[in-house]
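Notes for the one structure printed next.
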Amino acid sequence: MDILLDILSWILLISGSFFTFTGAVGLFRFPDFFSRTHAASVTDTLGAGLILIGLMLQAGWGLVLAKLLLILVFSLLASTTACHAMAKAALKSGLKPLTYSDQENSAEETTSKH
Amino acid sequence: MTAHFPILQVIIPLFAAPLCLFLRIPRLVGVFAIFVSAAAFLISYGLLQEVITHGTISYKLGGWPAPWGIEYRIDTLNSFLLLLVSGVSTVVLLASLSSISRELPQNRHTYFYTAYLLCLTGLLGILATADAFNVFVFLEISSLSSYTIIAIGTDRRALAASYQYLIMGTIGATFILIGVGLMYMMTGTLNMYDLAERLPAVYKSKTVLSAFGFFIVGVCLKLALFPLHLWLPNAYAYAPSITTAFLAATSTKVAVYVLIRYIFSVFGIEFVDMSLPLGDIFLILGLVGIFVASISATFQLNIKRLFAYSSVAQIGYIILGLAIETQLGITATLLHLFNHALMKAALFLAIGAVFYRIGSAQLNHYAGLGKKMPLTMAAIVAGGLSLIGVPLTVGFVSKWYLVVALLDKGWWPVAVLVLLSSLIAVIYVWRVVEWVYFTPPRIITEEVKEAPLSQLIPIWMLVLANIYFGVDTRLTVGVSKLAAQSLFGVNL
Amino acid sequence: MNIIGLYNYWIVVVLMLIGFYIVIAHENLIKKLVGLTIFQTSVFFLYISMGKVAGATAPILDENYQIYSNPLPHVLILTAIVVGIATTALGLALVVRIYEAYGSIEENDIQVQDTHDRLECQLEAYGRQKPPTLFDQETN
Amino acid sequence: MLLSFLALTAIAITRMGDLFAVVMLSGIYSLLSASLFLDLDAVDVAFTEASVGAGISTLLFLATLKLVPRYEKKSRYKPALALGVVIVTGALLIYGTLDMPHFGDADAPVHQHVAPRYLNDSINEVGLPNVVTSVLASYRGYDTLGEVVVVFAAGIGVMSLLMVSQRTKARALTKVPADMQHQIILRIVAKMMLPLILIFALYVQFHGDYGPGGGFQAGVIFAAGIILYTMLFGLSLTQSVIKPVFVEMLTAFGVLLYSGVGIVCMILGGNYLDYDVLSHDPVHGQHLGILLIELGVGITVAAVMITLFFKFTWRTVKHKYNQ
Amino acid sequence: MFVIPAIILLVVMAIALARAFKGPTLYDRILAVNTFGTKTVLLIAIIDFLAGRPAFLDIAIVYALINFISVIGILRFFEFSSKTTIEEEP
């Protein structure tokens, strides 16, 4: 049972790290702000979630689990909301997303923002 | 109850400061602050008596023994300075009631008194403590509140001056923090007397030398030693008069105390001699400081700025006494500490009284005030004479001791220079006298009356103290000698 | 071995110097305060590094651990952090007021205005007429 | 690794002219240094640095930046003098490091002299597992009192420097719209989080004896919660819940509570801040004393931080709507 | 097993830092700061497990919270001064 938990949490941790990493690559490589927000926030949610769940499996029952849960809730709420608010503020302040005509290779990213 | 005196001294203003916010009625707060300060003064007087008769008092805070807990240790040296600081603070506060109402908007009075009491707390705390880190904490209390009471006035230049002081002061405090940290690193203790025991084992260490360097530079920033004095003239010149009187008389003195305490009681004079030519450095900086600052003073038109520069020069004398590194030299330093505090408090209070009447500290606005405000002007002249070092004033006593100490050490050229520098003091004091007595009054001074009694009394209390201690030197000289002996005694 | 044992401290020293440099070399009042923060934070590192014991854990007692790091530097630094934020807050309040009074937060501009004020007083004292204003002076 | 991040950030800060970016980077700097503190076993310090350096001080800097120009002027000359001073300081420091005990060395004097007693005996003398708390609140409780007074002094300073006139207040009620009105999602989420934050602050306050945390951190977190609310719902609304005068009183009250505990100790026959006498059992007395003074710390810190933020925000209101 | 995620997170933090230095718009910087913060939270959580004392998760919570609040603070900065340029000075 313990072994099973260990393996499971390990898988979660590694995949979480992987997603986080892809997010970072996106944050660095994508052409404009909105696509970068997209990359950062989506992978942030998934990556952070997976890592935290992986840690929870390690923690066992108790206060630690509760705290991890709290962090999870916090980061799910805060990070996504913050990204949303950021994008909104950016849009309002006059920053325009790149469109297809501006640059071909970033079209998919920009259409999927909030 | 007597057993708790060392802590009560600091705790009374500390406890009273937040109470001020609850009182809220400005006038009431002022009276309350006077009583608090007077209580601190009485306690410090009791402490001095106690120390002279029974020797050093040690007080364990929280009941924990020394290197683990924080200790208060009162000996002759700091009880003398405690008396000075709380005494000056009380007298200055007496004058504050009317002076503040002229210089500050009504709604800031409560804040002013609160910050003033906090500043007093900080200064007394630095003096009383025997813990290296506690010094830093209380230094910050006093500094933060003094930035406040400098900037609280209506002059916009006070803001810039206060900011500059904040930056310099914080750099100084951080340097002190580095110094304390390095010392702690090498010895594992923070108590000053424990440090003094454990430092000799690591005297040779480069870290200790570096700690010493940082500490000295940090403290010198606070005490405005010559090349590090840039914050002082502006801060003193544009602050409210009461602030200037209080800070000029106390805050640099407390920094000098810290310097003395560390050089003699913590590091020990042997270490200082062995590692650094500190005496020579202080000698040169002191002398250059005296001359540069005195000459700058002669060119000032703002009378507060003039005397602020003179303060920098006086710090030069104080440091000079320290540079001699003999018992006589220290006696002279301590005497000058005490005496300079008396003179400057009297002078700045008198200037405050003039400001109360004419609303200006420009020397040219003083024209002809000699006839309008004779008592106040007489006080300024008396203070000025004391600065020069005319016999029958305190200034004479301390300069006399300084010169004697210099001659005793065999540094007669320095003694000559000291006497020469007094001549520069004659020049700037004469400039004031000239404007006051020998220039026809201007239109704006026509309706000026003598300063109110509430200000005259404290001013003349200080002036009389100036003269009294200039004639009867038993108390000051006796205590200074005792303190100097005990400082050297520690290392024998 | 000497190098590795002290490497940590050297980085701390470099950080300290960067902070210190910002404080004394920059003209902008806010940037000075940021520099001050960096300077102080680096001093905190100095303290905390000396409290660290290799292989130890945080000084919260627990049956499972034997070696703890030194708690005293932590206590001192807690105090120092608080002092730091207090200083920063006061400094910022001063900056706000300075900007209101001078219309600038560059040290140079402020000094120029101050010197100008003083010169005017000087001229007035010696009975000269008010000169045409050299600078755009904003009072209040 | 983290240290080199730090150095990079610091260098970037020196080079940037946009003060806004500088402030953000200094926020990162604090976060980084807090992680480093954590790595060096200083949990309480990391806690404080995170909440103070990254949180409150960034917010204060931002609040100031609203009122002053955002860009630094390029200075014309190369400050050779400054560089010289810095190099001398650096040389002295490096010179000082040469004889230092090595990093992590368990035989360093620091670990030999005073600290062992804290680690070995505090559990019997004070009775708390968190040694940092017992040293902070009991052995060196007086330093902590000083620290609270420093915070109070800063509060007084800011209050006196940035006073709000009645006129501004009156105007604010009528003219100033609540901020961030269109950020609906943000407002809802923040409303959901606020109780969590406040409860967490209380947890930190009272759990500080056993884990990292204590009055100071709790005060800052509490203040952060209130500040969050203020940022999203506007000053007038917040101040109708929490009266500013009341907050000012609270700043004083915390100090009074702390120093009052000390005075009570004195009346009961102990030394100042000697909690042993508070109860018939010394350890119990220590517990009670530490609880009370931590409460004092928390109250003062929270109240001062809230006041600071209010004052800065009022200034913005004044400048924006008082023409 | 905790080491690998920790290292990856450090790399991610480095990348976010690079983005924060690079800009080019202010919002990019804000985003980078936010990402940096969330990654720090995770890193601290992992370090706690790495050090074997998961009781210190409080700090991670504080980080999450502070990060959120400071991002809001930054955003609000632009609300107030709505006309500020988003592009940096050349």
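First chain written, first letter: the chains are A, B, C, D and E, and each begins at residue 1.
Quick note on the criterion: a residue touches a chain if its C-beta (ideal position, glycine included) is under 8 Å from a C-beta of that chain, and two chains touch if they have at least 3 such contacts.
Note that the structure is predicted; figures quoted are calculated from it, not measured.
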item	value
Contacts common to subunit A and subunit E (chain labels)	D
Reaching subunit B from subunit A through chains that touch each other, fewest steps	2
Centroid comparison with subunit A (C-alpha atoms), farthest chain	B
Pair of chains joined by more contacts [C-beta pairs], B-C or B-D	B-D
Remotest chain, subunit E as reference, centres from CA atoms	B
For subunit C paired with subunit E, centre-to-centre distance based on mean C-alpha positions, whole Å	24
Averaged-CA centre spacing for the pair subunit D and subunit A, given as whole angstrom	30
Intercentroid distance (Cα basis), subunit E paired with subunit D, Å	20
Separation of subunit A from subunit C, taking each centre as the mean of its C-alpha atoms, in whole Å	36
Shared-contact residues (touching 2 or more other chains) in subunit A	70, 74, 78, 81, 85, 89
Multi-chain contact residues (two or more partners), subunit D	43, 65, 93, 97-98, 100-101, 108, 110-111, 114-115, 118, 140, 143, 146-147, 150, 153-154, 157, 161, 183, 186, 193, 200, 211-212
Overlap residues in subunit E, where contacts from two or more other chains coincide	30, 55-56, 58, 61, 65, 67-68, 72, 75, 79
Pairwise chain contacts under the document criterion	A-D, A-E, B-C, B-D, C-D, C-E, D-E
Interfacial residue positions of subunit E with respect to subunit A in the complex	1-2, 4-5, 8-9, 11-12, 15-16, 18-19, 25, 27-28, 30-32, 34-35, 38-39, 41-42, 45-46, 49, 54-55, 57-58, 60-61, 64-65, 67-68, 71-72, 75, 78-79, 82, 86
List of subunit A residues in touch with subunit D within their complex	70, 73-74, 77-78, 81, 84-85, 88-89, 92
Subunit A partner contacts - residues on subunit D that touch it in the complex	182-183, 185-186, 189, 192-193, 196, 200
Touch list for subunit E against partner subunit D, complex	10, 13-14, 17, 20-21, 23, 26, 29-30, 33, 36-37, 40, 43-44, 47, 55-56, 58-59, 61-63, 65-70, 72-77, 79-81, 84, 88-89
Residues on subunit C engaged by subunit E in the complex (per definition of touch)	57-58, 60, 62
